[in-house]
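In what comes next, subunit A is part of two complexes: it sits with subunit B in the first one and with subunit C in the second one.
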Partner chain A sequence: MDFFVQQIAAGLTSGAIYACVALGLVMIYVSTDHINFAQGEMAMFATYLAWAMIDAGLPYWVAFGLTVAIAFGGGLFIQRVVLKPLENAPVLALVVCFIALLSIFNALAGMIWSYTIKQFPSPFPARDIFGNGLVSVQQLGVVAVTLIMLGALTVFFRYTTLGLAMRAAAQNATSARLMGVRVSWMLALGWGLAAAIGAIAGMLVAPIVFLDPNMMTGILVYGFAGALVGGIGNPMGAVAGGFIVGVLENLVGSYVIGNELKLTFALIVVIGVLLLKPAGIFGRVIVKRV
Partner chain B sequence: MAAIVNGWAMKKGFGLVAIIFWIVLALLPMVGLITEDPSFEYYMFMGQSMLIYAIAVLGLNLLIGFNGQISLGHSAFFALGAYTAAILMTFGGWPFWATLPVAGAVCFGAGFLFGFPALKLEGHYLALATFTLAIAVPQLLKYKPIAPWTGGVGGVLLDKPEPPEWLGLSVDQYLYYLCLIVAILMFWLVFNLLRSRSGLAMMAIRDHAMAAGTMGVDTALYKTVTFGISAGITGVAGGLSAITIAYVAPDSFTLQLAISFLVGLVVGGLASLPGCLIGGAFIVLVQNSAQSISDWMKTTFALRYDVPAWAIYGVLLLLLMYVMPTGVMGGITALRQKISGRRTTRVNAPSSTVVRPGKTAGETTPAA
Partner chain C sequence: MSALLQVKGMSAWYGAIRALYELDLSIEKGGVTALLGANGAGKTTTLRAICNMIRRSGNTILDGTDITRRSTEDIVRMGVAHVPEGRGTFVALTVEENLKLAFHIRRDHAEARRDMDLVFEYFPRLKERIRQQAGTLSGGEQQMLAIARALMIRPRLMLLDEPSFGLAPLVVQEIFRILRRINAEEHVSMLIVEQNAALALDLADHVYLLETGSVVTSGPSAMVQNDETLRKAYLGY
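And now, the complex of A and B:
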């Protein structure tokens, strides 16, 4: 029984991280309708920046804040400079572009910080909460950060003018433009937010899996799976999906197929959801007008 | 005379330029025999890799360039082909050449099956599903219960085939010819396929799936079969790579391999057969000269760091998307059209004639 509870707790922790990644993917998806394959590598790169700052002597939370700010600016910059010229390009050009970004970030991180594994500090102590070895403060902290972020985003989108403008730009660009919303900048803002969320996800995961340029590859796949399970157009759903995938992954891993096929499990989840319920559990079915 | 040969060649399925090109490729190993340069064996090995990548890119091009389905997971089929060949040679004692058709068939089957879920997915989603496939494959190949066949993490070591003595060729020359013959076969196959009704149907689906369906094209069948053929061709390339390198291991079939196919495709040119060869050569050249490119950049731009091949690939992909989205072959075609005046022969562009109101339908006015 203890083992089971431990697995659930571990699943919720990794689920929280998948939820963060999924949230970043959803951010970009709702604002631009694209699936960003470079999301994981962008997060990884931001985490390296944080590491470099901490290594240089900055306190953890200062580095954390700075990294989120830099990531936000970087995301904005990428959308403005790299993706703006391709706004009306076919899907393939965009996919190629995302893959290019993925390679560049991966190579840059390896180039600047080398491929050796680095330790990343955690702001949360690793000790138990209840003293029975089931749930650690670290795990609780990761889940809490994810939930706080979700809450903040929900408030932002529901109760602020800017959030409303962003939603309007995503849902009906033409009407939004007529109402005076600067649609193109809203897309850029979506990218900035996604990059910032990704940076937080990276900094949460780095203490657990250690920092190396390839640390996000597997996590990105789970993030995809989580976003799809919850419905890729729905932030709340994506977070729920992330948690579901995290718990399922741990349970299936420890009771059914073992740790060696965890990525195959993600593959099956992705294909299964896309086939059986493409809108996800909480998503709305979108009818396309031809 | 040239016109006659050209006409004959077109009918036979190859342009004159293409035939000359293949003959030149076939004569290349002779250079080594004449110069007796010991490093020539290495160039032969590079030639093999270029041809293998060209075949893999050809498979991918059939899917992306001619059918409009995006795949980031063709490394999976390359791996499947390589492992099929390796396992048949090691455990079945098959001769190397006999494993290639089987590798192709197995990958065709796998691609066909993967094509079914792919049917429901379009654009980004298909890219996503195949991306996941590419990431899952290395881990799947390391799976313990199948390790007796796949060799687990360590992979499988093979013997390089020995050339028969009467040919008088070295091992690498012999393997080069093997790759060349397979490449010619594959290109010939795809060339003819594209000129057939099926090929037209594939391209019609790419250009407008719904219109193609209305015209009676069974879009579901064609898409799955195209996925199968594409995977099969890439699988043959995988089998060839297992034979020529004489070693297969899970970590050579990562997402990065799939990305390098994509790089080759985009550099060579979408929906262009000669472009596949350019792409294949390009991949190998960048991989081989990554170190010297890196050194050059370090001295020229006074960089403190090594520049890895992936950074070069990435930057190139981005630049190409802006400057030359149709790749080298697309660029050449555009240049030729510019030189030969206004004789535009764009196939995919919308009709350049506009029916003006007030005129009869037969009278058309060329668009400005």
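And now, the complex of A and C:
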């Protein structure tokens, strides 16, 4: 029983991180219909920035805040400079562009910080929270940071006019323009938010998996699986999907297939969802009249 | 009266296909101008071209300011509210959110809140459905919502693209009654595109007749209403 609870706790912890990655993907998907394959590498790069700041002597949370801010600015910048000129380009051109971003960030990180694995500090102690070896403060901290971020995003999208404008722009760009909303800037904001969320995911996962330029490759697959399970067009669904994938992956890994095949499990989930329920659990099926 | 909006020598294209040929329009301040013509005459295109939503040439002058090169968003922010064909409802947002979207571009939130009350006075039915998802509204209610949204940005000029489209005659009458009130009480000038010529002539004081992307004739509504040849040739009644 204790082992089961431990697995659930560990699953929720990785689930929180997948949820962040999934949310970053959905954030861009809902407004542009594109999957940003560079989401993981952008997060990894931001995590390196945080590492460099902490290495230079900045307190953890200062580095955390600065990294989120820089990631936000970076996401905004990428949309404005790289993607805006491609507004009317075919999807394949964009896919190539995302893959280019992916390898650029990967290579850049390797070039600047080398490919050797680095330790990334966690602000939360690894000790038990109840003293019975079930849940650690570190695990609780990761979930708490994710939930706080979700709460902040929910408030932003539901209760601010800027959040409303972003939702309107994602839903019906033409109509939003006719209400005076600068749609192209809303897309840039979406990229900024996605990058910031990714940075948080990166900083949360780095103490667990250690920091290296390929840190996010596997996690992006889990995040993608989470987004698909929840319904790729639904932010809340993506978060729920992230947690579901995290817990399932851990349980299936410890009881059924063993740790080595965990990533395979994520890929099976991706294929399974696409085959059986392409809209995801919480997604809406969009019927197009022809 | 002086012209609120002047369109000079406007041509427009959809890709390689030319849809408007050197159009000249002048819309009076405080008035209602109707744009009539058969299907494909370029009515909707004209509205889109004014808002810089398609490729076009020529000049557009709003109250003395050249807005030709401004973006759609800027033109809207300068007080040109476009009620689009198909109503442009944000279906997954609530009725309230559809209207509150205007707060995004308005500085004066207190006044915007008063405008929301005003909008509900014109459209009490929307107030009843304030928390409902806009996609669940009937066609008539969605048309009302589209006009209400436009009103929320405090426009000087409202561009209306077939507000009667697909609606029951009673609903159409109600909507046109409200449009007349908005024009009189809020001093919003209007440029209206309609298939239903009799209805539009009744509301408008000035008319432009379009055929294949050019103005055939223009004048006071009464002139067209009384000219049987013109009516039969272009408006089919």
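Note that the second predicted complex is superposed on the first by the 288 of 290 C-alpha atoms of A that agree within 3 Å, B and C clash if a C-alpha of one lies under 4 Å from a C-alpha of the other, contacts with A are read in each partner's own complex, and residues count from 1 in each chain.
To be clear about the criterion, a contact is a pair of C-beta atoms (placed from the backbone, for glycine too) under 8 Å apart; a residue touches a chain by one contact, two chains touch by 3 or more.
None of the values given here were measured: they were computed from a predicted structure.
S.K.: With both complexes overlaid on chain A, does A:Thr264 touch subunit B (first), subunit C (second), both or neither?
M.R.: A:Thr264 contacts subunit B only, not subunit C.
S.K.: After superposing on the shared chain, does subunit C or subunit B touch more subunit A residues?
M.R.: After superposition, B is the partner touching more of subunit A.
S.K.: Thinking of the overlay built on chain A, is A:Ala168 touched by subunit B (first), by subunit C (second), by both, or by neither?
M.R.: After superposing on A, A:Ala168 lies in contact with subunit C but is clear of subunit B.
S.K.: With the two complexes superposed on chain A, say which partner A:Leu66 touches: subunit B (first), subunit C (second), both, or neither.
M.R.: Once the two structures are laid over each other on A, A:Leu66 reaches no partner at all.
S.K.: Would you sort A:Arg177 into first (subunit B), second (subunit C), both or neither based on which partner it touches?
M.R.: So A:Arg177 only meets subunit C here.
S.K.: Which partner does A:Ile8 contact after superposing on A: first (subunit B), second (subunit C), both, neither?
M.R.: After superposition on chain A, A:Ile8 lies in contact with neither partner.
S.K.: Could you give the residue numbers on subunit A that contact subunit B in one complex and subunit C in the other?
M.R.: none
S.K.: Taking the complex as given, what residues does subunit C use to touch subunit A?
M.R.: 51, 53, 71-73, 76-77, 81-82, 84, 88-93, 97, 100-105, 149, 153
S.K.: So in the complex, which bits of subunit B are touching subunit A?
M.R.: The contact residues of subunit B facing subunit A are 64, 70, 72, 117, 120-121, 123-125, 127-129, 131-133, 135-136, 139-140, 142-144, 210, 255, 259, 262, 266, 270, 305-311, 313-318, 321-322, 325.
S.K.: Which of the residues in subunit A come into contact with subunit C in the complex?
M.R.: Going by the criterion above, the answer is residues 161-162, 164-165, 167-168, 171-172, 174-183.
S.K.: Looking at the complex, which residues from subunit A come into contact with subunit B?
M.R.: 34-35, 37, 82, 85-86, 89, 91-97, 99-104, 106-108, 110-112, 217-218, 221, 224-225, 260-264, 266-267, 270-271, 274-275, 278, 290
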